[in-house]
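Have a look at this one before I ask anything.
Order as written gives the chain letters A, B, C and D; numbering starts at 1 within each chain.
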């Protein structure tokens, strides 16, 4: 690393031209703390297998082991985070596990600001979710199995974020994918869930193919799988990456789009809600979907050098911006509370991706950080509600604030953080993204960036609107469900409260000009990060965005709140018996019908249909069938026909031979079918026929020998 | 060497005297319509060949042929014929019909033609020395037990295997006792 | 002056006759008999060449002896097999021995 | 032990011990079944142990050297020698073969296919073992050819006797014929036709080598001649074509693959396992050991063609899988795709590509072996191979379901499992093929092949969906299906462990192959 840092001349020039705030972090190597950080990914992986084999016989049926593992990660991650903030840690370790040609295949772990951020998030959020899951999953037929795959899920993410090279990154990437497949398909008796799991896996696999290609291009051009090595050679100008930079950048970004569910790869995420709610919470907060954002951040030195990735950044900005708005719109029309939150996640991921696209590295990761808290909180809240009312649909809810006060208040904190109410977490992080975009737009007027600025402000409005809708329909009005709602047990409430504290305060860690903890944290990298540094919050933008958000909340409340005429008004307060027709009214009321737009949203922009009818069904159906048909009838026809011709020839010359396979002997026994059938005609016998054939061969060969 | 030289050599007359009956007998073996006669013709053919061996001085081989073939193998054949209840009179289905015989004959003639051609091309009219005296059986024995001892042992194993194999194959499996 | 070719031609002729027999005979016993003729033909060749080459080790003659021994073994096993087939199928017609074909 | 191997007897034992076992088996009467089983087990077990000792004595610092060799005269008149030796390229494959044989015997312990004849089955398996290991070790073309062909007959009988007795409808010519007959004959004729050409190629090389000294069949001498540029021009083109035909049928490469689905489907379980796990590798191994080193110039000329066929195989095999309902047939077609990746690696002619091919061969052997074991056991229990009739296996037989899931994941190239390396590294290699080959073509192939990885995932997930998930259909709810049995566990556990171990620590294979491959490529293509 020091060697790499020493050779940054080209970057130095780059910095002079573009940057004003970038500086190389002065960092230590973390000592033993970093040297033993391999435990972070390894412990959960090992524990996952231990649970699989011994979980049933262990105390708490595997939950104990899983939680202990995550607890270990949380503690280690926190210690690392503190150490990083104090001294800065940049270290990298690799173990060779094989050489292929001149390439070394290595497992390793990288400990720097970025990976520590992820360790911390996965550990802390994961621990809280695991604790929560103990109660949520109680009574599940595959309780132990669940914790085994859930631990594998967290472990895979840790393998991914600790990766110092592409190979390990891909390993972690796919481990996350396969464990999410297991978790989404957890209730596999129902084929719908399996279909959702397959959809997630396949969508990711398509993107992964692109990631493979991107990784291959980068590694081969630079001559190493290792990120630090690639960056060093890139900066020294030793690579042939220049000519492929755009394609490598694009392919890797497509990979990131798959995991981070960016438009148009978002289709798997809402369906992934088929998994148990704790899975959704972790998947949306700290693992899986953040992997794409992490990947772009990890490769940020590549994306910030325009000579390599060039216009990919523009594409990233546009994709992010489209995602943040279009997915927010989809959240409006959902009845399933988890789906609303799922679309909301995609929308927020759009913010992060777009932020990285405009070069706002810290802002993107800061939003990732705060989002982890409030989105985990919202999902746990939703899970708590679902646990109580035994339904995912908001048309079965209503008026729950009376029954579940703790859930209500924590959910409200999460909502505030998500929509960006001062001083909750989302306010600070979203504001930083919009400020960065605006700064870029004014200094470097480019259509894409202006596009993003406008869409992100619109997105803030939409977010406020649908969150107001969710809160109104769920906690206000009359309860419409069948089950008897009740507050969740303490083991579920405590994690929610803990997360609520995080959601409320996490934003305070990075107030421009005041507390720049996260900035210091995530820019502790071996390679310099170039970005604009704000000396103070952009009051001008806050003055625009906050009213927009408040307007969104207000409209949402007006339309769906208890005072709205759309709202089903019972006697208010206590639960009433609500019959089916009234439930139907409730569903009607929920659907906010904007002409033209509504059918589009209802059908998710027709993208799912496009994939199904344009890609999946033709491939699985006609194309596959046609291939098989060709195989059986065309490719295979040559030998079969050859045999057939020989066979009919044989039959035709008055030989008592109705056995199909003898046709084969004609082809090979004699050199040609004709000779075969000729000889067959001569020798109707069986055993003797072969004698005759062989002696005929002898005669021919002998004659040849004599002649030549 | 002219045809005259050849005809004046008395050994050649002896050769013809032995070879022609041998050949005719073997033709009868493959064409006779009576199965027993076919086998008896085989005796003549083999006897002829034994005599030819004697003429070449291969005394031991000749007498072995007489002993093994005429003494033992023929008996086996006859037993085989009897046990398989072959018709002892003339029979048409001993051979394939003429449509199959013709190509077989063609093939045989071709084979003979090719071999004859090859032989004539390579040996021409080279002569073969008539042996002064018959090969001593003792020398053959010596050769067998020095140069050829391993093949000899192998052959003995084969014979043993054939013996056992013949017994196993031909033995009639007694049906399981029904109590 | 005997020529070598007369011996070899005799051998070739007997061999061809034997082959003809193998190809045309339907009775399995006679097929075996034809095989014997082919073997005898081979023996004649072997012994003739032995004399022709005046081999001190008598390779030709000894191989003729081996052939005779193996022929005896072959006939023994052959007849046993024919017996078996006859027992199972009540026929020794080789046309009906079609288990080897598909 | 060191002396045993240094003197060359060690390798000969590994090759011929199974044959000795076969002879012993032949002497044991059919009714002593226990004796037959134990003899087979001990034979393959000792062979495996010997192979293990060979690995422990193998000098991994010189994997490019041929070690423990024997070179004695065999057929003097044509200068064919009994020359066997092991190097880094053949080492993993020898171990794979002996392991698979051992596991097949264990699996057979209580799975005898009908007609019940353990003796013959085991004799054939032992002969197969000798043929396979011999092929991997042979360094003489005639010896190689003999071993290559030895494999043919036992497999033919295995399929023909114990194969599927169902009826196969052959389209185009409208026959209905028993599956096992059709498959066995098709297998036999395809392979025989290929090897006939191959033999011609070998003979041509033999005669051509006469122009540069004594005629020889020795692979090493021919390699030295070939790298020195002895075989060029039209002659070399046709020789390569002949050898290509022999190996391409065995691999099998599209469009010579059609024997494979029939043979795999019809064969009894251990037949399918051996066929998939080892026999297919004879072809790819032949390319690496014979075709490329001896005819490097032609390998370069043919590379694009091999690459294109390989990629067609990947896509085509995967699509054919998507249309399958028969689980064994699906796995069989998946082999076409996977062997496509291996051949793509070979076609790049780079160190990475050939390394990828070898680890791909090992991984495919382990994974597809396991898949066929599982498919066989499932067919044994369900008495059907039709996937639409199955379902809910995770409820019926959870252990079997988990193993199937693992094998399917490994097969689709999940990283950290063995299948990943071959697939990913093949793609990697085809981005930068040997200098002189068309970059743009191979990069296009890379992109298409990566679409193949997606399709692979598609059909594997589809298979899991049909077999493992959902509620068991009424047919099976009350059926008492036995979950994975003891012998099955013993036979499968080593495969599972190796799949994971190689996935995590690919040096198990690369450690042996890398130097050898670098040396091979360097001598054939000058540093490439």
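Here, contacts are C-beta pairs under 8 Å (C-beta built on N, C-alpha and C of every residue); 3 or more make two chains touch, one makes a residue touch a chain.
Nothing here was measured: the structure is a model prediction, and the numbers come from that model.
**Student:** Identify the chain pair with more contacting C-beta pairs: A-B or B-C.
**Tutor:** Ranking A-B and B-C by C-beta contacts puts B-C first.
**Student:** Which one of the chains is closest to the middle, using the mean of its C-alpha atoms?
**Tutor:** So the chain sitting closest to the middle is D.
**Student:** Starting from the mean Cα coordinates of chain A and chain B, work out the distance between those two points in Å.
**Tutor:** Going by mean C-alpha positions, chain A sits 85 Å from chain B.
**Student:** I'd like to verify one number: the distance from the centre of chain B to the centre of chain C, where each centre is the average of its C-alpha atoms, in whole angstrom.
**Tutor:** Chain B and chain C have C-alpha centres separated by 6 Å.
**Student:** Measuring centre to centre with CA averages, how many angstrom lie between chain A and chain C?
**Tutor:** 79
**Student:** From the mean C-alpha coordinate of chain C to that of chain D, what's the distance rounded to whole Å?
**Tutor:** 44
**Student:** Pull out every residue in chain C that's touching 2 or more other chains.
**Tutor:** 19, 23-24, 26, 102
**Student:** Listing for chain B: what residues touch at least two other chains?
**Tutor:** If we look for residues of chain B contacting two or more partner chains, we find 96, 100, 104, 107, 111, 115.
**Student:** Would you pick out the residues of chain D that each touch at least 2 other chains?
**Tutor:** 181, 185
**Student:** Think of each chain as a node with edges to the chains it touches; is that a line, ring, star, complete or other?
**Tutor:** other
**Student:** Touching chain B in the complex: which residues of chain C?
**Tutor:** 1-10, 12-21, 23-30, 32-34, 36-37, 40, 43-44, 47-48, 50-52, 54, 57-59, 61-62, 64-66, 68-77, 79-84, 86-87, 92-93
**Student:** Can you list the chain B residues touching chain C in their complex?
**Tutor:** 1, 5-6, 9, 11-12, 15, 19, 22-23, 26-27, 29-31, 35, 38-39, 42, 45-46, 49, 52-53, 56-58, 60-61, 64-65, 68-69, 72-73, 76-77, 79-81, 83-86, 93-96, 100-101, 104-105, 107-109, 111-112, 115-116, 119-120, 123-131, 135, 139-140, 143-144, 147-148, 151-152, 155, 158-159, 161-163, 165-167, 169-170, 172
**Student:** Taking the touch rule as given, give the residues of chain B at its contact with chain A in the complex, in rising order.
**Tutor:** That would be residues 96, 100, 102-104, 107, 110-111, 114-115, 117-118, 121 of chain B.
**Student:** Write out the stretch or stretches of chain A touching chain C in their complex.
**Tutor:** By the definition above, chain A touches chain C via 659, 661-662, 683-688, 691-692, 695.
**Student:** Touching residues of chain A toward chain B in the complex: what are they?
**Tutor:** Touching chain B: residues 679, 682-685, 692, 695-696, 698-699, 702-703, 705-706 of chain A.
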